[in-house]
């Protein structure tokens, strides 16, 4: 964000930065993407600009999560026209729906969606922890092609993959982890990939880790995981839910990719935290010490 | 809601129903008012219609809570023009702000608000439990005139009122409880009133209870509290956060005040729950048994 | 505690201190009484010494809560012989029992208990929040004569009292609040009293507040509540669950009633916190400033 | 348990069952071992009998967790004399200690312990979530040789192992996971092993999985993980914290290893759940279908 507006040039540069790092797709308007802090107009603008910049070089997935169904459906249409490839939806995040209510919500959305849908499990923000039976039922819906799980709960992961393995007629839905420190083990055990906030900063690191996991090269994985954990230091300079996003934006600004402006009401890291992030990046050789 | 739109006629009838019951003000677009499920356009329509219907007979307070600051500020302007008297804001409800971030949020809003502001503490929905020091700091902001607390935590209530009593220069901010079963004791101990969802159904009961509490008539309070607890049965016919709202809407429909349509993605009570609510109302003599 | 042992003389002096303040009964081995930190031998010693000191001047209730049923039952027998009048039990606090398991637990205990039993709802420590239906079922057990509720949830309180009022054949079970700041309103609305940690420090204040509530003298209640809130300052000088107990013990030591030794592994307040508690007591005139 | 007493013969048979399966050590009196439900006398009896049965064939680790420090220290001495090799301690589980209080607790214990100590992170039962800085400080204490983590939080795991890797002078503390479905990935990424409740039922499966993880044989791991997930079905036949233990005991009884008696106040699975566990074991070929 820049002066309360989408920083379009910054967005373009960020997209080129992560594409240059080799990422296999883009995930827009999620938690790190500050989706819920953007107005409907800004979301639409964002999706269109990203679609125009990417020009189908990689798939784009857009989070259409909202508390307003009408806005969710409108955004879905914009996504399809802008060249997105799939959508992702978490439970509406004010009044938390129960399991049956969440499934009914999906049944309202699905017939009206122009693109395939991923589920998004994000209990820390939505207050709704999608459990195995609910996810299993939801994944059985035609039009639902996978799940992004940001619960950090590898027990749930193993249960879901175990269900997937036991399906009589495998539907082949995809599992993406939203917990970047769990990317490697998720892929080793059968996940299709991850949606990693840190990949905005150092996309090549995550691409290499993903490929090492696919190739089951444990020594390589452990080396890259060590680097990933070092990069995670940028999330530790604050106390609240916003700290992770601030850390990433601050790093992107230090790397001269784009500005560090946060969507209101949150504010970018000030001097002391910025110096700490600079030190973190310096230790990794991402910027000169 | 009716067919995905604001049920304007129903809204008018509901307003007349609660005014006829003697309520001292209206609170729009809160949790029970389904504010977060309405699009910005629907919110604006709602505020305008209510303002036109009320015609200044009682004060109107409108919840402008949102995750998008721009929308919050726009709605505030609409409220002022539509004849509202005050605004109320809870923390943005996706990425939960820390105490300092919440105060910074207020400092962004306050200079731009055309009306005085109440704080809204609603931890079960916002994930943010505003504590005593944060509330005390927030209540010291010029422009902040009170707090609506839906935490149900009478310990916090007593701490806040104790702070208010100890203020060297009393600013006279108001305390409203959002927990209707705690209305009487809150008023007995110094609260200015309550925002009671059940008052949509039986407004006179809440007005009488409020007045009995103001007059410290304990026998009367206990009798009315008993009736209030009986009315609370309508909240018990469901398992999720939406149950309370469904119960109120169902009751209003049975009383022929307005329809029971919920804002998407939630759905009105079906037959069995409706029969239970009918039984509850019948036992209270609100509808024929 | 003194040198890892029960401070018998301190206990005697504390008992005389609170009896001199007019309390209507003693509650031993609860949370503030550090019951769970004492060995079975120390608990037995404590109950016997207290019984011998009280000599039936007031009723004694003893918490026999434990994770070991055998120890609970043994302690119950000791209580009966030592002159206690009733027992109180919270759910076993390691593996949290479900509702049916808690009721089965009661059914194991009740036939073997030599004294009537209170239930103890203490979710913050036991992880078990006893809800209305479970409490209602438990209170219907012969031998169960009441509930001490430390949930701080006045909504639950009103539900329970509403159920009690609706009983076809009133069993007359008692409700005691464990939240001292809620004593007055609980009694106003029908509670039989409170178990108030702060009454160790200033017993007369709580006795007067209780009596003012019984007499429904609101002005008096508000004045005393103000003093109670001021006394609550002693709970605010620490960050953990132990802070409240440390504050009370520190105050008792400053009042020269008994030492401030905590049961291991916790430690008494050190200098800075002690000075703050002294300031709190000084402001109330309980010790010279 | 059998008739309220330790089932000594059952214990011996269970020990031989798991040793026959090749386990590398025993973990006594943990959550699954029902430690907190046993009296001090029963704990002592259990440790002695197990020590006598094992006769140093494998190392024994004993959980000395308690809310009573005196009992913890006494049990530690018994363990040393009974032939145990290490101790493990979780935070006292009634009044939850803060970080500094937990470290002070360790400093009280360590000088008096006759055996090396593991830390036990078990937030679901103790209400205390040991975080990275606290664990790091605790692991730096002489006498502390590792941590058993049952948080299920692989993010914490990676942080701890990352800290371990960065130690200037590696102390070589061990990491054991208490989440059996996470055993393989934990070992792949550097854990020393796991404490797996399911290994009571099918010890060879867990030994093979551990060895496959050590050898980094992913195909083998995935096959065994599938079997492990199928075995996990025995945890799913109940609704409360006790369900897992009931499932294991029920399975052991069906396998004719020992009885299914639970420590009071909990009760063994009744007919319907027992039939489901039998079906689970039958599907795995552990008992005839």
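Just so it is clear, A, B, C and D label the chains in written order, and each chain counts residues from 1 on its own.
In this text, contacts are C-beta pairs under 8 Å (C-beta built on N, C-alpha and C of every residue); 3 or more make two chains touch, one makes a residue touch a chain.
All figures in this text were calculated on a predicted structure; none of them were measured in a lab.
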For chain C, which other chain has the most distant CA centre?
-> A
Pair of chains joined by more contacts [C-beta pairs], B-C or C-D | C-D
Can you check how far apart chain A and chain C are, centre to centre, with Cα atoms defining each centre and the answer in Å?
-> 49
Separation of the C-alpha centres, chain B versus chain C, in whole Å, is 35
Going by residue number, chain D touches two or more other chains at none
Chain touch graph shape: choose line, ring, star, complete or other and state it.
-> ring
Touch relationships between chains, expressed as pairs | A-B, A-D, B-C, C-D
Per the touch rule, the chain D residues reaching chain C in their complex are 4, 31, 34, 36-40, 42, 67-71, 92-98, 101, 104-105, 108-109, 125, 127, 239-242, 245, 263-267
For chain C, which residues count as touching chain B in their complex?
-> 152-155, 158-159, 162, 165, 179, 181-182, 184-185, 188-190, 216, 218, 222, 225-226, 229-230, 232
